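In what follows, structures are represented as structure tokens.
Each of the next two complexes has chain A plus one other chain: chain B in the first, chain C in the second.
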Partner chain A sequence: MQIFDLAAADHAFIAEVQARSHQDIKTCYQCGNCTAGCPYTFAYDYSVSQIMRLIQTGQKDAVLKSRSIWLCGSCQSCTTRCPNNIDVALIMDVCRHMAREAGYATERAVKVFADSFLNSVSRYGRAFELGLMTEYMARSGRIFTDVDLAPSALMRNKLPFKPHRIQGRDQVARIFERFRKGGAHA
Partner chain B sequence: MRIGVFICHCGSNIAGTVDCPSVAATALTYPDVVFSTDTMYACSEPGQDAIIQAVKEKNLDGVVVASCTPRMHEQTFRRAVERAGLNRYMFEMANIREHVSWIGKTKDLNTNKAAELVRMAVEKLRRNRPLFAKRFETVKRVLVIGGGVAGIQAALDCADGGQEVVLVEREQSIGGKMAKLDKTFPTVDCSSCVLGPKMVDIAQHPNITLYTCSEVESVGGYVGNFQVTIRKKATYVDWSKCTGCGLCVEKCPSRKHPDTFNEGLCTAPSINIPFPQAIPKKAAINAASCIMLTKGKCGVCAKVCPVKCIDFEQKDELVTVDVGAVVVATGYDLFDWHKYPQYGEGRYKDVITSMQYERLLSASGPTGGHIKRPSDGKEPKNVVFIQCVGSRDRSVNRPYCSGFCCMYTAKQAILTKDHVPDSQSFVFYMDIRSPGKMYDEFTRRAMEEYGAQYVRGRVSMIYPQDDKLIVRGADTLAGTQVEVPADLVVLAVGAESARGAVQLGEKLRVAPDQYGFFVESHPKLKPVETNTAGVFLAGACQGPKDIPASVGQGSAAASKVLGLLSKKELESDPAVSRVNPGRCVGCGKCVQTCPFGAIKMIEDRFGNPKAEVIDTVCQGCGICTVTCPQGAIQLEHFTDNQILAEVNALCPPKMFANFE
Partner chain C sequence: MHNIAYYPGCSGQGTSTEYDRSTRAICQALDIALTDVEDWSCCGSSPAHTVNHVLSAALSARNLAQVEAMGMTRVATPCPSCLSNLRTATHKMKDPDFQSKANALLDTPYRNTVDVQSVLQVLAEHVDPEYIKSKVVNPLTGIKIACYYGCIMNRPPALMQFDHHENPMAMDNLMAAIGAEVVPFPLKVECCGASFGIPRGDIVHKLSGKLLDAGRRLGADCFVTACPLCQMNLDLRQGQINDALHENFKIPIFYYTQLLGYALGLDRAELGFEKLCVDPRRALGKIKQPAQTR
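Here is the complex of A and B:
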């Protein structure tokens, strides 16, 4: 097991998580209600309450390199159950953003999927399923993921070969433009 | 006038951020100040002696001490000044600790502010005049509100001390929450066996008058002379005749309403005696479910009663008593756990409260002391206890620790093993709080001897599967999720203030805190006193408490009452309102506005109406002085001139205003 140096707590990291999430990390008293309700605990390397604890002790690397922050499905169970009214799911989001900015992607496939999805939306104004699928497969190398679903999806016309374009595509494009100019946290 | 000023360092509490010698030097420049010094601890014995010595040597006739809040030491210094031969009201206090040194960091600003506060005190003292307390007699009788274990203890101790006691209980029997418990921690002795004899003592003590099914309707008067009206609610049974034989209870055909004594686990007849050891052991009719009282026909109880004590025409009765002191022992209520969606909000019958479990364990309970789960009456094997339900939880506005749940949960885990030897208890906890004699050893016994599995974490959902309830929680020590297929789930519900406590507090002028618990006069040094003289607190109405602490407080409150009533006469505070008859026009506005009924209208010798203050009733709040259109009524020791002198000391009036 990894040994954490408590004296080497990264206070700037704690402050940044708090500022970006508008949550007070200190109010967490480690009751474990978030972990108790989380449907992904079985897949996590650190449980949600452990992620909260690592943030409290300023263990930036451990948090940003963890798999858990990428596997979180933002279902909000943790937020709903927290007795201290902490928006835990939002903190997981913030950590994922910070990990991405720091160049970490411990669950690379999750990042690739998110990128492929956003590329598709920025191009067409909405998701183009087949294009998204192709990009994800190509970049992740996971060619046969969910391939068994393809026939029935095709039969129901859920995988059209041409993208649907939407009205106001330029407005969606402007959102992405604003983000690229650095307005992400504004 | 010759005034002496004493600037206290309070160790480094004040001197740390205030230049005390400089404040003392500045004070010498104020009018009438002839002596000024700084002192390490003004409240210490040498500190007080120095004040007395200075009064005598410098021939002072007034003293200002600049130190802590008057709430802390005003009485101390008044007594010191009195020992020096001055009137105790020729003293003023400037608060340069709570109002200056503890809240400001900049030394020169603090020093300046301290000097200004001393100046205000000096200006007020220059206008003080000697005041003398009046004496009045006290009524040698005590009202105890609430017949739980704290109230019982207070009543017995007061009665043994020779005072008459009136004990008022809202429910049909005294005993409170403790009467519902099966066993008590950490000794696991039978609750009703230790409480029962005390309840009998209440019934048999010659000094105690007991009113059950009764509530305090109104309270008037003041310390030593309260007038209390008690509403005796109609029980539809003449208790002077009822023998408690229970024949009516057996024959009553209306048996459908939930049994509140058994926490709704079973139903009760409409005429009932709540439990075998009830004091008084008298039957009472529940008017809401009685067929005779709701539909006008039945009357079976009246037919079977051998002494003919049923009276369907009975009405509420008001009783008035004069008492010298009041002990409030109204206890607590249990948190309503239905606010939590994760525990099923009441959808699952086998999720019960700790108090319901207590009734299941009790030999006088609905199952005769056999643990049978409510849904199908089966004996549970896996029992899950969930702690901190409605405690330490900001999301339901209960951030406080209820204090006793850790201990009673350990007790219930032990009793579960005793009742069902092949059972397994699981306790979900956050922290185990067991400070107390033999308490931590007790929780260890639950784990080590009785094999209770303690799981550190909370529960986030309960769902049914076959005839089990799946409890999903966290084990934060293992860092993961855990599941238990439970037969029964017991919620360790926390304590909250008793229903109606806030309304009672209004009648008694005792302030509740933000959660409805009554506020004591000082958290450490006056734990059973309130800010209303003559009203004392005992037990969980002041905050969650276990039995030993409640009993201790009951005795503590009784000792305060006995101390108060042992004095033949009490002194009234002379800082009361005084009417200037020359100015009074008899408009009566002060009479209407006084919250204490302390002003009455009289006629002077020419037959003109005039207001007059009843010294012993006036609490010195000053509302009348601001109401009086003539400025005819003044609060002694806080006259308009004194307060304006303080204001002028702080903001010197400009002689010539320039409005250009």
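Here is the complex of A and C:
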């Protein structure tokens, strides 16, 4: 069992999660409905209701360093079933944003995959599956990821070798540029 | 005749070409005119919303602004992930503060005048089932289907506003209307493992394996799905799932549009059954041929 120091609550953290998610964290009464329906609990270090409790008690490090916030599949089961209408999936998203900004990546492969995907979009305007796989393998060091699937996909002509470059790819690239410069929150 | 803007989504150009083609074919057969969103770009998919919501909304809103520029007010997409992103952008941008942040990232601001629906919703709410029935030439009599909606087509309900969030019926009703037997599939809205196939394949193997197991127990000959990511996890990764779980699943995973197209007697070349990894012939063989030859 893990013991958390409730006296060491980080109130600024609680306030930031509330402000960025527009959710009232204290209304969670720990019924566990979210966890009961969460298909990812088996892979989490803290269940989703435990994450809610850790936020309520201001345990910033435990939350932002958790695996769970990276492994949430955004399936919306928790949000749909919370009796207090808390948008729990949104809170998981916000914690992941904050973990990224703080430089954490407890599930590094998940972060590298998302980054590779977005790089591909910023380059061509659309996701280019083969290109993003190549970048992912190079950056994650996982060379043999899914090579078993390649023949199947290639045989069925499902992995184009060339990206679809859209006309407005500069417009899309500018979205990413402005985002990086402005550091827009929310 | 409905005239709707069409947002194909990136996977429609790659891993789910058969979904894109069969969607276009059934819409044409049912008098729904689709006009592609001009020079559409990626909606950001799940990676964007896991990084930042303003970025995610801007990537989606560029496309919605394109729809506005086309003078149209309704866009449909086959992909639930695109649907969820486009609807989330629309919803969040109702807040003026959020809207100005998202528009600040765009060349052309989005005025938020476009309604986003799934192609399934268009079929379920705007096309008379009797009309669809009247067009059936190959009824699907004899085949047992598990309809799998995936986790975000209907959830959260306040955002998606379509069908039921625990027990959606749109695909079940459609498949029943064209003659198939639908099994009462209890995991309709459970998650398949989403986009973790590459970084955490083990998660997909476990979650998708659970779906396949439930389908098999119900005696389903096949699944139908409306989501490119679900279809890929269940079909392309079925071999991996078998290896990881010491299983022997051989369940074909169709897009609902492929079976609808089959029932409507559309050109097989438009339906792309050969694109499926798990051989669908045995399941299709269950369909009783009509007594009279064509």
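FYI, the second predicted complex is superposed on the first by the 181 of 186 C-alpha atoms of A that agree within 3 Å, B and C clash if a C-alpha of one lies under 4 Å from a C-alpha of the other, contacts with A are read in each partner's own complex, and residues count from 1 in each chain.
In this text, a contact is a pair of C-beta atoms (placed from the backbone, for glycine too) under 8 Å apart; a residue touches a chain by one contact, two chains touch by 3 or more.
The model shown is predicted, which means the values in this text are computed figures rather than measured ones.
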Quick check on the superposed pair: does A:Thr41 touch chain B, chain C, both, or neither? Answer first, second, both or neither. first
Which holds for A:Gln50: it touches chain B only (first), chain C only (second), both, or neither? first
Where does A:Leu118 make contact in the superposed view: on chain B (first), on chain C (second), on both, or on neither? second
Quick check on the superposed pair: does A:Leu64 touch chain B, chain C, both, or neither? Answer first, second, both or neither. neither
Please indicate which partner A:Lys158 is in contact with in the superposed arrangement: first for chain B, second for chain C, both, or neither. second
Examine A:Ala127 and indicate which partner it touches, taking first as chain B and second as chain C; both and neither are also allowed. second
Chain B versus chain C as contact partner of A:Ala99, first or second or both or neither: neither
Hey, is it chain B or chain C that touches more of chain A? C
Quick check on the superposed pair: does A:Asn33 touch chain B, chain C, both, or neither? Answer first, second, both or neither. first
Once the structures are superposed on A, label A:Ile25 by its partner contacts, choosing first (chain B), second (chain C), both or neither. neither
Those residues of chain A which chain B touches in one complex and chain C touches in the other: 42, 77
Can you check the complex and tell me which residues of chain B touch chain A? 342, 388, 392-396, 430, 456-461, 472-476, 479-481
Which of the residues in chain A end up touching chain B in this complex? 27, 29-38, 41-42, 46-47, 49-50, 77, 81-85
The chain C residues in contact with chain A across the complex are 10-11, 13-15, 17, 39-42, 44-55, 58-59, 62, 98, 101, 104-108, 151-152, 155-157, 165-166, 189-191, 193-203, 206-207, 236-237, 239-240, 274-275, 277
Residues of chain A touching chain C in their complex? 39-40, 42-43, 71, 73-77, 79-80, 87, 89, 93, 96-97, 100, 107, 109-110, 112-115, 117-118, 121, 125-127, 129, 133, 136, 140, 145-146, 148-149, 152-153, 156-160, 164, 166-169, 171-172, 174-176, 178-179, 182, 184-186
